[in-house]
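Common to both upcoming complexes is chain A, partnered first by chain B, then by chain C.
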Partner chain A sequence: MATDPKLQTIKGEYKQNPMIPWPFQILRVKRETEDTFTLELQPTGDLQEFQFQPGQFNMLYVYGVGEIPISISGDPLNPRILVHTTRAVGIVTKAMDKLPRGEIIGVRGPFGKPWPIEKAIGQDVVFVAGGIGLAPLRPALYDVLAQREKFGKVVLLYGTRTPADVLFRQDLEHWRSRFDLEVYITVDRAMSGWKGNVGVVTTLIPRAPFDPRHTVAYVCGPEVMMRFTATELIKRGVEAHNIYVSLERNMKCAIGLCGHCQFGPFFVCKDGPVFSYSTVKDLLVKWEL
Partner chain B sequence: MEDLKRILVEHPFFKDLHQEYLELIVGCASNVRFDAGQKLFTEGTEANEFYLIRVGKVAIELKVPGQREIIIQTLQEGDIIGWSWLMPPYVWHFDARAVELTRAIALDGKCLRTKCELDKNLGYELLKRFSSVMVQQFEATRLQLLDVYGNRS
Partner chain C sequence: MKEGKTVNACLLERKHFDTLLDALKVRGYKIIGPIVKDNAIVLEPVESVTQLPIGWVDEQSNGVYRLRKTDTPTLFNFTVGPHSLKQYLFPSVQKIFMTQRQGKSTESTVDEKVERKKKYAFIGLRPCELAALHIHDMVFIGGMYSDPVYQVRRKDLFLIVVNCTRAGGTCFCASMKTGPRAERGYDIAITEVYEKNQHYFILEGGSDRGMSLLKELKQGKEIDGRVQKVQELYTKAVQEMGKAVETSKLKDILAQQLEHPEYDNVGNRCLSCANCTLVCPTCFCSTVEDVTELSGASADRIRKWDSCFTLDFSYIHGGPVRLSVKSRYRQWLVHKFSTWIDQFGTFGCVGCGRCITWCPVGIDITEEIVKIRG
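== the complex of A and B ==
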C-alpha cells in the first residue's frame, strides 16, 4: 500500500501523484552551450524508473524558486535516467542552471501528448529543429533510430543562431556518421571561416532528400520558425495533417485544470504540447497577429 | 558549349525561357572554378556578372569594422548568386567567397545588360526570374533578422 502522499495506487501499481513533485537527484550537469545545460536525474525513494514518451514534458520544481514545464530530452529506452535540457532565460531556469551535482529537484510528470511516431511507420520522417527545439525532438529521434527499419528516409534539419549554439554535438556527430540518417545543420550567422551552412532552417527544406507525398514531419522551435517551416514543407508537398508542431504556453497545473495554458479551444498541457499543424494553423496565425 | 547549354536549359531558373534567348545567354556563359577561400567578387567593385553554382559552396560575407567578416548566407549547388549587375550603380554590396572548391557558370551581366536594353522582352524575362530569387532571399533574411532563437524580451 502506498503511504507516501507523493504516490497513488492505480490499478495495483504505484503511480506518482501528478500534483506533488517527486524528488530527483542530479547525477550529472552537462554544459551544452553558454546558456543551455542538460541535467541527468535519478529518482529517489521508491521510484525506480521514469517511463515517458517522446515529446512529453515534466514540471520541474526548483525548491524555493518555482516550477516550470521542460520537455524530456533523453532516451525513452533508458527510463532509469531522466534527462532535461534547458536554456537559462529567466528566474527559474537561471536558478536551475546553478544547481550542482547531488542537488535535489522536484519532478511532476510526464505530461502531454507525445510525437505520434506510429503515424510515420512506412513513411519518410523529417525532423526540423530550431534552437532549443532540438531537445524535445531528441527522444523521438532516439525512438525512430531504435526501430530504424520501420521507416523510409530519416532526415534531421537543424537550425540555430551561431555555431557556438549548436546543441548535442556528440549526438550530431554520431548521427552524421550513420548512413541511414541525413543530417543538415545551418546557423543564422557565422564568422568567416565557418565551413557549414548559413541561412535560416527553412532554406534546407527544398533540397532535403525526402518524398513529400509520403512524409511525416515533426517540427519544434520558436513559433515563428515553426510557422515558416510548416509553410515551406507544405510548399514542397507535405500535407498539413502530416506536420506536427510542439507549442509552448505558460503552465501551472499541467493536468488540464487551471486554464493557464489555454490556446483557443485547447489546453496545451493536456491536448498538446504536440499538435497536428492542420489543427492549430489558424490559431497560430491569429495569435501572432 | 553543348554541356553549358544543357546545364542552363535544365536549370529551373531558365525554365520555359524562349530558345532564342537561351542561345543568347549560352553565348554569354563560361565555366569558372574557385578554390576554397578564393573570392568570386568583392564589395565595392564593379558587378559585371552573375553565377550559377554547379558544385561547391559559396559564402556571402559582410565586412564589419574591427571584426572578421560575418557570413550572412551560404549558397550551393543550383543556387544563383548576384543581381547587382542588373541595377545601377552595378557595384557589389557584399563579398562572395568559395568555402570549398566551387565550380560555377559565370554569366556576363554587362553583355546581357546591353541585350536587355535592346530587347525589353528579354529584360522582362530576366527581371521576373531575378525578382523571384530576390523575394526568396528577402524572406529568408526577414526570418534571420527576427532573431527567433534570441531571448524574448
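== the complex of A and C ==
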C-alpha cells in the first residue's frame, strides 16, 4: 500500500497530522510488579530521539486494540530511550502487557503541561506519590537530582498497597543511599518481613523534613489521595499554589479536540495534566464534574 | 450600485434564481443546499432550484418538528433542520489512519479521503449556522493543534447565507446576537421577499469573490431602497421570536451554581439520549474506534461523533466520572453557556433551537437557564 501515491506514509504526515502515531520499537520489557511493567522504546525511521519534559505524557497505540494516555517515566536527559511504566488494568493496558521485545507500538506526543520544576529552585522539594503515581514523578526526580545543588531539601514520600507493589526498586535503593535525598515509603498492608511504615501516605507528611514555608510539592496518585495529601500539606503550612497535582481524565485525542478530558473550564490534556492545586481545589470537590 | 468590477448588492428575480446556481457550477463548486427528505429539511447536493423546498414551511416547538406544504412558492420559508455545516466539515464517521503490518514492520497511512479536496458551496445556511461555523473554526483550527480533516474541508467554502424573515418556534438567535441577519462571514447573503405577486431576492456580497459573482447575475431593477426595506422583515422576525436567553453575567452565575437543585429536576426528565448534542451545530466531541481486518493484516482507526451524555464518555478505570444523568446534563449546559467562554472566548450556543426541537421529552435549554438564574 505504501507504494500508492495517494497514501502518504506517516513520516511525511507526522508534523501536520497530530493524530497519527509514530512507530517505536520495544527494546526491553521490565516487570516491576505483578501487574505493572516498564517498556523501553526506541523510535524507528528517521526520528532519532524523543525530547520531553517531566510530567508530560504520550498516547500509546496498541495495534488494532486502542490508544491510551500514559505518562513518560524515563529520564529527560536520555531522550534516545523513551520509557513508560504502565499498570495493566483493562483492555489496552493488558494487551500492551503482552507485547514482546521487538514489537512495534505507536506513540503520539509528548503532550501536556509539565511539572514546573523551575518553581522549586531555591526551595525545598517534596514529591508525594501514590501507587502508579510514582511513574509520572520519576522524570521530575531525575531532573531535580541532576541539578541537585539548586534546591534545598529533597524528600520523596511514596505510598503503595503492599510491599510487593513497590515500583522502581533499583532507583529507590539508589536514592535511599544518597545523603541529599530523603526517601520514606509506606504500605497500606504490610507482609511479614516489612520493616517500613504502614499506613496511608498522608501520615508521612507531618514528620517529613522540609520547611513548609519554602516548599514546592509535586503530588501524583489517585484523585482522593491527592486531595488528602494537599490538605495535609496545607495544614503543615505549604501554600496551595506551591502544590502541584496531575489529574486523570478520559482522553481520546490529547490535543484539545475530542472534548473527553474536560474538567470544568479545563482540557486536562492541554491545560494539564499538571495543575497547581490552588487552580483546581474548588472544582475537585464538586460532584461528578 | 455598480462599483468597478464588483457589485455589493443586487436584486435577483425569482425567475433568474438558477443563474446563481449556474455561476457556482461554472466555478467548479459542488452545491449543497436544503432539500426535503424523510419529513425534514436537510442539507444535500442540489443541482437545480426545483430541488429546493419550494412552498415548504416548518413548524417547530419543544420536542416537535413538522413540515407543511403551502401554496406560496417561497424557496426559503423555513428555518433550521436537523443538519448543519457540521455534517460536512466534521463528518460523523471519519477514518483517521490505517495501519498495515508485515511481519514486525508496521506502517500507518492516512486515508486518501482525509486529503480529499472538493470545493463546496453551501446555499441556504442560516445566520446562526455561520456563527456556529465561526465557533468551530476556533475549536478545530484556532488553537495549538488543528484538526487536519476540518482544515482541508474548511478551505475554499463558498457560503451563501439566507437571512431569516420568520422566526422558528424554538429559535432564540436574537438574544445570542447571532441572527436573524448575518453580519459577517458569508460570501453572499440572501433575503427572500415575497409580496403582492412579486418574488425576488436581495443579494448582498460579503467578500470579494461574492461580489464578483453578483456582477455576473442578471440584475433586477429598483435595488435602491429595498436593502433598507428588508430591515423591517428582520425586525418582524425578532419580534415573533418566542424564546430568549438572558446572557448578562450568565457565565459566572452558572459557574457558581454548579450544585443548583434544578439539575436534579432536569436530570430526572432527561433520557440521556444524546439527540441534543447530535443536532447541535457547535458540539464537537468525538471518540475513536479501532477496527481490525479479520486477517489482522491491517487496522483502521476511526473517529466518530461522541456525546457527553453517554456513560462511556467520562469513563476512567474504576468507573465514569459523570455517573448521574444530572451531572451529564450539567456538563452540557455549563459548557455551552459558561466554560466555553473560558476555553474559546465565546458562548458555545448560537440560539438555533435544534436541541429544543429534537429533544424527545421537550427539555428547553432556555427554560432551564431561567430556573438556574433564579
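Throughout what follows, the second predicted complex is superposed on the first by the 267 of 289 C-alpha atoms of A that agree within 3 Å, B and C clash if a C-alpha of one lies under 4 Å from a C-alpha of the other, contacts with A are read in each partner's own complex, and residues count from 1 in each chain.
The criterion applied here is as follows: a contact is a pair of C-beta atoms (placed from the backbone, for glycine too) under 8 Å apart; a residue touches a chain by one contact, two chains touch by 3 or more.
On a predicted model such as this, the values are computed, not experimentally measured, just so you know.
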Taking the superposition as given, does A:Met225 touch the first partner, chain B, the second, chain C, both, or neither? first
Just to be sure I read the superposition right, which of the two partners does A:Asp165 touch: chain B = first, chain C = second, or both, or neither? first
Just checking: does A:Val89 make contact with chain B only, chain C only, both, or neither of them? Give me first, second, both or neither. both
Both chain B and chain C touch chain A; at which residues? 89
Over in the complex, which chain C residues touch chain A? Could you list them? 96-101, 104-112, 114-115, 139-140, 143-145, 147-148, 255, 258-259, 284-288, 290, 292, 296, 299, 301, 303, 306, 308, 313-317, 321-324, 327, 331, 335, 338-339, 342-343
For chain B, which residues are in contact with chain A within the complex? 57, 59, 61, 67-74, 76, 78, 97, 99-100, 140, 143-144, 146-152
Residues on chain A engaged by chain B in the complex (per definition of touch): 89, 130-132, 159-161, 165, 186, 188-200, 202-203, 207, 221-222, 224-225, 228
Which residues of chain A touch chain C once you look at their complex with the stated criterion? 1-2, 6-10, 13, 16-21, 23, 61, 63-67, 89-90, 102-104, 106, 248-250, 252-253, 255-260, 262, 264-267, 270, 286-289
